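The letters A, B, C and D name the chains in turn, as written, and every chain counts its residues from 1.
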C-alpha cells in the first residue's frame, strides 16, 4: 500500500506543477524546467519506496523489463490516474477561469513525437534505475526528470508535451487539449514505453 | 554553537538572494533558479555541520521525525529568524527605495499552495537526507534546493512563494507582501512541515 | 553491435533535439539548455553500453587516448553520421517549410570557437569518463552534457554551435548553415578532439 | 607544472565564457547559467589534477586552510592571471568593436556584494572539496560552479559580478568596467576568500 501512496504523491505533484506552470499566468518559458525538476525531486524522494514511476507508460516498461510485479501494476496505474484527476481539479480551483484552449495540433506529428520522447524517457529510466551497469549511482533522478524537460522544450509546441498517460489525462481535464488528443497521447505514450522495454532487453541481453 | 552559526550563514544567504533577485531590478524570470540554487549550495556546504535546514518548518519536520534534538530546536529557529532579519536589512540598504508592494493575493489560495509546497520540500528533505533508503547519496542538495525552484515557478504568482517561515519574515520586512500574509505563510509552512513528518513516518514504518 | 545501436540512439536524440529546438518556432533562449540536457541524459543512459560518445570527434579523442578499440571506430562513426541524417530528415518532415538560413559567419572566428569548445568537450569527456582520478563518479553525464550547453550559449552566435561533426552534418541537412560551413565544422571539431587527447596525455602521464 | 597548466586551462575557459556571454550580443539572461556551468565542468575535469581553483581568492582560501602548498601559490596565481589576459585578448579579437561600458556602480555596494559572494564561493569550495565530512562526494563541481551562477543572478547588476580577481582582470581588459573597479574587485574578492578560510576553521575545529 505504501508504494501506491508514494505513486499518488509523486504523480500528484507532477501534474499539479504542470498545471500551475502552463495554465493562465504560469512559468512561461521556464515551465519545462519547473516540470522536469519536480519529477526529478519526486524520483529522488520516492524512488526507494515505490521506484518513482509516476507514469503509467514507465510502469508498463518496468513491468515488461521484469522489475515490477504483475500484481502491482493495477495499483500503480490506479494511483497515478487518480492523482492526475485530483491535481487537475485543484488546478481548476486555484486558476478558475484562466484555462487555455490550444490550437489542434497535427495528429500524426503529435503521435510521432509523443512516441519518440516517451521512448526516450522510459529508456532512460530502465538504464539508470534498473540496470546493473549503473547500479548505485546518484544521478538517476536528474537523468529521468531532465529527460522530460528536454523533451518538453523540443516537442512541447508540436504535441503539447505529455510523455505520460496520467499527465495527458490531467492536461485534458484542465482543458489544455481537445478530448481527441487524449487517445493520441495514450497510444503514443504506451507504445513508446513498450518499445523502450524491448530495446533495453536487446541492448542488455545479460539482464 | 557551530550548528547555529551554520544555520545563520545558510539562511542569511537564502534570504539575501531572495531579496536581491526579486526586489527592484533583479533576476527576473531566473529568480527561482537563483534562489533554488543558493539553497542547494548551502545545503551541500553546511549539511555536514548542521544538517542544512535553513528553514524553521524543515527543523520542525526533522525534529518530529526524530533526527533533531529537542534542545537544538530553539537555537536553530533563533539563528534562522535572526539571519532573515539581517539579510532583509542588508537588502534594504543595497536596494534603497526600490521596494515593490505586491497585490494582495487570495488568502485561501495562498495558504493552500504554501502548505502543499512546504509539504513537498520537507518530504523531500526527510527522504533524501534522513532516510536509510537513500543513505550516502550525492543528490540531497540538488533535490532539496530544486524543490524550492520548481515550487517558486509553479506557485510564486499565487502566494509570493516563501515555503519557509524565515524567508516569509524576510520578505515581509523587505515589503514584498502585506503583514497579514506573514500569518498565512507561517500557518501554511509549519503545517506543511508537520504533515510531511507524519507522511514520512507512515511511508517508512521501519525508520 | 549493441554499441553501435546505442551510439545511433544517442546521436539521433541529440541531433533531433537540436533540430526541434532551433528550427522554426523552437525553444528560443532555452535551446542550449535542452540540447545539453538531452546529451546528458543519453550519456547517463548509454554510457555503460557504448561509452556514450555520440560525437565522432569524441570517438577520435577516446581512441587516441587508448580507450576505444581501433576496430570499433568505423562502426561508431557510421552509426553517428547515419543517426544525424535520420534525425535531420525527421525534423524536416515535422517542421516542413520552416527552415532558417543563417547569415554566413566569419569563417576564421567560427573555426576558432569550434576548435576551442570541441577541445573543451573532449577534454571534459576524457577526464570525467576515462580517468582513474575520477573513477566511480556520478557526475560524468552532467559535466559532458552541460559543457555543450555552456559552449552553445557562449559561441552559438559566432559559429552556429556544433562542436560535433555529426551534429554539423545534421545542421547542414536541415538548412541551418551553408554547405561550406560543414568543412569548417569538421576541421575544427576533429582538430579540437585530437588536441584534447594530446593535452590529456600530457597532464595525466601516469595513464 | 601540470597543475599550473590545468589552472591556466580552467581559468581561460571561465574568463572566455564570461566574455563571450556578456560582451555585445551574448547569452542575455542566460549568461550566469553559462558562466556557472563552465566553472562546474572545468572543476569536474581538472579537480583531480590541480584542485580546480581557477580563482586567486579560492587559492588564498585553500592555502590558508592548509590544503595548498605555499610553494604552489605563486604558480597558481600566475597561471590564473595569465589565462585571464589571454582569454580577454581572444574575446577582443572575436568581438571586435562591440565592447560595452557599464555605468559606474556604487563602490561601497559593489565592495560589499563582492566580499559577501566571494565568501560564499570560497566557503562552499572549502566545505565540499577539502572537508572530511563530505569526502568522496560527486556534487563538488555542481556546488562550486552554481554558487557563481546564483551570485551572478543576485548581484550581477550591483557590482558586475566577478567574485574572482582573475575574472575581474579579464572583465577590466574587455572594457566591462572602469579601471578603478578592479581595485574594488580585488579587495572584496581576496577579503571574502580569507574570511571564508577563517570561518571554515572555526566551524570545523577538528580539521
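Note that in this section a residue touches a chain if its C-beta (ideal position, glycine included) is under 8 Å from a C-beta of that chain, and two chains touch if they have at least 3 such contacts.
Quick caveat: nothing in here was measured; it's all calculated off a predicted structure.
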item	value
Angle of rotation relating chain A to chain C [CA atoms, steps of 5 degrees]	90
Of all other chains, the one whose Cα centre sits farthest from chain A	D
Same-residue or different-residue interface between chain A and chain B, half as cut-off	different
Approximate Å spacing (C-alpha centroids) for the pair chain A, chain B	27
Rounded Å distance between chain A and chain D, as computed from the means of their C-alpha atoms	39
Multi-partner residues of chain C (each touching 2 or more other chains)	29-30, 33, 138-139, 142
Chain A to chain B touching residues, read off their complex	2, 5-6, 9, 13, 16-17, 20-21, 25-31, 33-35, 37-38, 40-42, 44-49, 94, 138-139, 141-142
Residues of chain C that touch chain D when the two form their complex	29-30, 32-33, 109, 112-113, 116, 120, 123-124, 127-128, 131, 133-134, 137-139, 142-144, 146-147, 149-150, 153-155, 157-158, 199, 202-205
